[in-house]
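Shared chain: chain A. Partners: chain B in the first complex, chain C in the second.
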Partner chain A sequence: MRLDSLPWWLGPTFATTTVIALVGAPALRLISEAGALPWLTLVQDPWLLRVLRFSLAQAALSTVLALAMAIPVATALHHERCFPGRHVLTTLFGLSLVLPSIAAVFGLIAVWGSAGWINQLLDAAGLSLRVPVLYGLFGILLAHVFFNAPLITRVLLQALDDIPHTEWRLAAQLGLPASTRFWQLEWPVIARHLPGLASLVFTLCFTSFAVVLALGGGPRATTLEVAIYQALRFDFDLPLAVALAMVQLSVCLALTLTGGLFGKGNDTGLGLAGDDVQHNHWPQWHPHNGRTSHHRWMDRLLIAGMIALVVPPIVALMVSGFNARLLSVLTDSTTLAALANTVIAALAAASLALILALCLLSGVRHLHVRLRLARTGNVLQMIGNAILILPPVVLGTGLFLLLRNHVNVFALALLLVILVNALMGLPFALRLLSGPVLDGAVARDRLANSIGMPRWTRWRHVDLPLLRRPIAQASAIAATLAAGDLGAIALFGSERMQTLPLLLHTRLGSHRLDEAAATASLLIATCLIIYLIIVRVVGGSTRPTS
Partner chain B sequence: MTLLTRPLPLAASTLVLLATSVGAHAETRRLTIYTYESFVAEWGPGPAIEKAFEATCDDCDIEFVALDSSAGILNRVQLEGDSSDADVVLGLDTNLMAIAEDTGLLAPSGVDTSGLTLPIEWASDTFVPYDYGYFAFVYDTEKLDTPPASLAELVADPDGPKIILQDPRSSTPGLGFLLWMKYVFGDEAKERWADLQPRILATTKGWSEAYFSMFLNEEAPLVLSYSTSPAYHIEVDGTERYQAAAFEEGHYLQVEVAARLAASDEPELAAEFLAFLVSPQAQASIPLGNVMYPVADLGDALPDAFSRLIEPNETLLFDPAEVRDQRKAWVDEWLEASTR
Partner chain C sequence: MSLQLDQVAVSLGNRRWVFDGQFPTHAIHAVLGASGSGKSTLLNVIGGYTEQTSGHVIWNNNTLDGQAPHKRPVTTLFQSDNLFAHMSVANNIALGLDPRLRLDPEQHAAVEDVLENVGLAGFGRRKPTSLSGGERQRVGLARCLLRARPVLLLDEPFGALDGRTRADMLALTRELIAHHAPCVLMVTHDEDDVTAIGANELRVVDGRLQF
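Take a look at the complex of A and B:
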């Protein structure tokens, strides 16, 4: 077959070159521009310091609050294995990573905003009590806890469920009380995951863009990401944008390095690996069955608290779209153009992310299996995670500086949005695909070689059936993330090129809440449909036989 | 000779034909103009001006690009730099002139502005003023009997009827209102902005959204617009329902300007267009198209409604250089007061 005549390094080289060019060139451009800046005055600039301080403080607070909420709830959910809706709830927890943040912000405003559900309830109850103003630190923290507490809960719940039965049996035989069981059995498992989770959540909150753009943005509540965007799109202050981007880049680099240090050896799973949460009853002998009613009620209360945080905004998101403006929004030409752009960007970004991931992994596999160069293989895989150091707005700023003297950047908006989002989806694709590509690769390779199977036949009959579902999962997630992204489009969008997240942000910004509600519902529906179609069509309906 | 020349006519005519068809493409001169939405709307002045201008020149084609806000025009050409498609920017105003001039992206207009009728002296040779007006709150008389009589009254009544504003970072009316507040309240402007917060229903990116999407849809009874806005409703809709509220402190002036870009590949056509823009022929589209005062004396052609508008008892205006130096600080003041 023709495929066999192609050298093994072609795909990986293509992918590595693409990623290095797309990440490295803008980064180098930023660094070279930054060299010319008066850093001595900049590091003393009170405004820049205030932005940096706020970025770090809100991320730290968000992390602490999210962990403080997630740890007890995960433990409670681990104890309460069987109640109606538990399955739906844990699935919802896994979704928070792919839920478009600007849509979630809309849900939060509908519930917690000044005219939101909670204030309406308080009003109806005749209370003069009011929810604090959402815009500013309170809203940012609320949104970050809303996003991250479920994510942490899910990872911890899986970890707690993995505690071997033998340990519980021993605890039952010794008749250990609940508190001792917690400190001896549950806490060590939680503690092992904490550094990795904390560093992940801190990074997510530190680089959070849509939430801060929609709920903060004033001089008191601006993060570096939003300040970069504002320096470019409102003030055209290129030196300031470069300075902010460099600060952001340095902090992210430091976070990645320390995160790698802390997070070594534990896989946070990101709550993406399908639904592997257990829902069956604990066995009869299990100590969790013998909890006092006091403990049981405590657990139920904790779970109810989490439900109260997570569920109402999602319900608001789904129901408030059905209002008087729905039809006019859905038939509006701006909305339809934005819908088309969103779908194109999502599918193109996902395809590119998938191609890059598969090319990189084929190289990793070859290095592992044939050349026994596992370490080189790991480096290759790490290249795909480059975007984690370079948040989309920073990458966008670099691309912008690189291109602006040569082409009209706004005419290339769609292409740039696709490239940035493909790179953003790449770490997820790599994470989901690396297991299926590499696990058992040595044995399969030996077998395929021993019967002299051609490469194409091997791909068609051995690799593809194994990879089909992970490929579907990876591309569905990459596509959904791209469809909901506001970062790249906020930088490059214009009257010629809008996507649904940008349109939703504009409509939220001008307080046209009915139109925003309809747009948010459309965005959610689009993400959901893209996700389901990819999972069904690419993944096929049957499980592979392996 | 004869042998050689005989086939020539055919070849020559083919060549000529080819050359003219190629030449025709090269000769279609395209002028790209960045402006704001309402200028190019169906009922705005854009379509009529485009048609009239294209009739004056051979093979020229105007392409209006409508950006979502007026101050966004400046930001866009700055972001695009020398690779911008724009030949002309249309829709900046007096407040942004010094900032725009400092970018070095603009070229002298070559238009004689001495004969124009303006409420102020015109000194710039880069910017061509094409209309002017006074910022004012327009109110819906069916929703509101007595509008506030002054800026101070508006600000002092937090529970009063809701107002719709525009963002000073993206919209020239938004920036105009920010300056109006600063002009009237000076160092206290920040506190007055804080006082005003409860009354603000929405702050939109551009004027069109505020006026059409929200105010005319009855979402609030007051909107930041111009003293001239009622003229459109009187002349075109035949209704006196929408009126401008006269404020005791006086009204802030806006002169809207156009300029050509230094990097334009059609500099002459751009200059021709700018000259045409202030001609009586183009200016005739301004009063009811852009709903502003024209800069050319239209005589009887000025619609009657323009004589029935409020007259500001004082014209307020900052020096463009002062706006350039203070804008960031004043916008930050507004941001801080409005996100508190």
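Take a look at the complex of A and C:
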């Protein structure tokens, strides 16, 4: 009864205020500090310009390489619908967003590093050939392609699989050759997704932190994100950090605006939308069955290439943890404290992200359904995406400035990590939940009203059964992202306050590779267990009846 | 010249058909039957979109078994989706002449001609999305005519059209077919169509053809 007397705007107002306070206050502080800077000399500073140029160049190169790899592989996977392991492969591709980047970096080092698998193979084969040094541009590009090519491949594969079968039937009737099928049927679908995907990948690479921190070598291979971190944590040069953060903020703002222009109307899906990739055989008449053996082998070669890029680092991650140091690492009190912090941060960030998302969406729904103000509703939902303009390191810089005169920032590390990661998880949560909350909401609302269902009964028996699985999915992803995040903890963490990603980074940095391997395995296992437990416990083991 | 079905057996799920019969050219054969009776299955097995479990589809004493759809002496006008939506009307038709779209001036002229024949002169540069349902089917029919295969399969091609457009299309089809004189099988559920187009009537009943 009490619940029904609460006004509808309470939840959304709480969420909006929280998000605006957490994002707006640091941003404003950053801007006010930036006003006092000598911008005229700064914009001519060769070092700052070089960092900016490198950030943009590596992001552009990563995007081009990832697309160049993903387009042919997606087409090949679309053609080859049935081979053993295809299901596992496409599932792996969908994981690249939630795989902790610092752990993946470890996997890449284990395979591509100077003492890695490839060099060992070359050695064993008696060749004097060596993999180029991983640290620097090569490693950054490799890692970015490793992360993004599978993501793009999955989105494109989905799009190609969605080409209506009537088009293939026509192609079969007319006997269109492979080149015509590609340019007339497949390419238009790919091209439609390219602007959105390119802008997404460019943004991800431009703001990529862990990869550049671990693999960037010296001043020649530093991006803005890492430069901000170094200015704050090592040089204690606050004005420089502010200047860098402002540059970063401007570029991200520009990217979001242009991305909004280009990416309009196409859903990049973020590769998260469950497993809806098709694995059944093409029908016998299908043109893909009539490919020449030359084409078939080309397709298989492309798929094999992608497997060779994606699978070994993941295998390395899983197997190299089992070494002589594993037991001592697992029983080490530093590791255990970091593990506890990781789990706390992940669960708290996910809960907060979920609460914020549901509060915002309850407002969006009210605006849509009761007040018929769909556009206002969309604006409300966009507030939740604020973090996309303000990357975590920039947000962290703002928080640092805001708080440093009042409290010991490092004593609040865990809280700050939770807040930043909750904001990071919010866009994902909104994306996964907005469909289930809003689809069919008008009809449900009318029905619930006509029988005078109280709010609690309605939530319990109407909304929750429909939302349970998306809620589980959203919180599992938010928790996994938070568990693997290095950005916020690198800024605020210390000897006394570590999480597994930070510990892994420290151990990688001091070249204690066996300890790093064990830590990486523990991090991956933690992420996986958190993910599975949330999906199972929150989502329930049976499908809801809708 | 004729199309012959020699005990062609098709299984889909737990349903089974055995088609047997002869279809001479220079004639229109209307296939009637309740919905789900297997009318489209008959066309699919002739067109090469469904494989038979036994029996033979024979054209002029040559079996078509196992041939890819585009290699058969057959062309199909489906109920809908006969055009690539992103391609111009002219290119959609031109695909019937050269699947690589490399047309010589003579072939370009042929595309213009056939557009005129179906009453769509000057529509070549438009996209299918800007056409009505009837116009789209006429473009599809135009391509079928240009492909000039001796067997023409019409799978309820006018089923989705309103009365007037439908009558016009039937008249047009009858006229064009009279010109090219192929062997035509037309699936329909409307007996009026059969008289309008002057067809022989046959039915699919209990998984078999009744002439």
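Methods note: the second predicted complex is superposed on the first by the 545 of 546 C-alpha atoms of A that agree within 3 Å, B and C clash if a C-alpha of one lies under 4 Å from a C-alpha of the other, contacts with A are read in each partner's own complex, and residues count from 1 in each chain.
Criterion: a contact is a pair of C-beta atoms (placed from the backbone, for glycine too) under 8 Å apart; a residue touches a chain by one contact, two chains touch by 3 or more.
Bear in mind the structure is a predicted one, so any value in this text is a computation, not a measurement.
Undergrad: Following the superposition defined at the top, how do chain B and chain C come out on chain A, clash or fit?
TA: fit
Undergrad: Touch test for A:R220: chain B only (first), chain C only (second), both, or neither?
TA: first
Undergrad: Between chain B and chain C, pick out the one touching the greater number of residues of chain A.
TA: Of chain B and chain C, more residues of chain A lie in contact with B.
Undergrad: Between the C-alpha centres of chain B and chain C, what angle is opened at the C-alpha centre of chain A, expressed to the nearest 10°?
TA: 160
Undergrad: Taking the superposition as given, does A:Q173 touch the first partner, chain B, the second, chain C, both, or neither?
TA: After superposing on A, A:Q173 lies in contact with chain C but is clear of chain B.
Undergrad: Quick check on the superposed pair: does A:A443 touch chain B, chain C, both, or neither? Answer first, second, both or neither.
TA: A:A443 sits against neither chain B nor chain C.
Undergrad: Figure out whether A:N405 sits in contact with chain B (first) or chain C (second), or with both, or with neither.
TA: first
Undergrad: Just checking: does A:L232 make contact with chain B only, chain C only, both, or neither of them? Give me first, second, both or neither.
TA: In the superposition, A:L232 contacts chain B only.
Undergrad: Could you look at A:G136 and tell me whether it touches chain B, chain C, both or neither (first, second, both, neither)?
TA: After superposing on A, A:G136 lies in contact with chain B but is clear of chain C.
Undergrad: Taking the superposed arrangement, what is the smallest distance in Å from a C-alpha atom of chain B to one of chain C?
TA: 51
Undergrad: In the complex, go through chain A and note every residue touching chain C.
TA: Touch residues, chain A against chain C: 164, 166-167, 169-170, 172-177, 179-180, 184-185, 188, 283-285, 290.
Undergrad: Where on chain C is chain A touching in the complex?
TA: Where chain C meets chain A, its residues are 47-49, 51, 68-71, 75-76, 78, 80-84, 86-87, 95-96, 99-101.
Undergrad: If we count contacts the way the header does, which residues on chain A are in touch with chain B in the complex?
TA: Spelled out, the residues of chain A in touch with chain B are 135-136, 216-221, 232-236, 400, 404-411, 494-495, 506, 509-512.
Undergrad: Which bits of chain B are touching chain A when the two form their complex?
TA: The contact residues of chain B facing chain A are 65-68, 74-76, 78-85, 169-170, 201-205, 209-210, 213-214, 328, 332, 335-336, 338-340.
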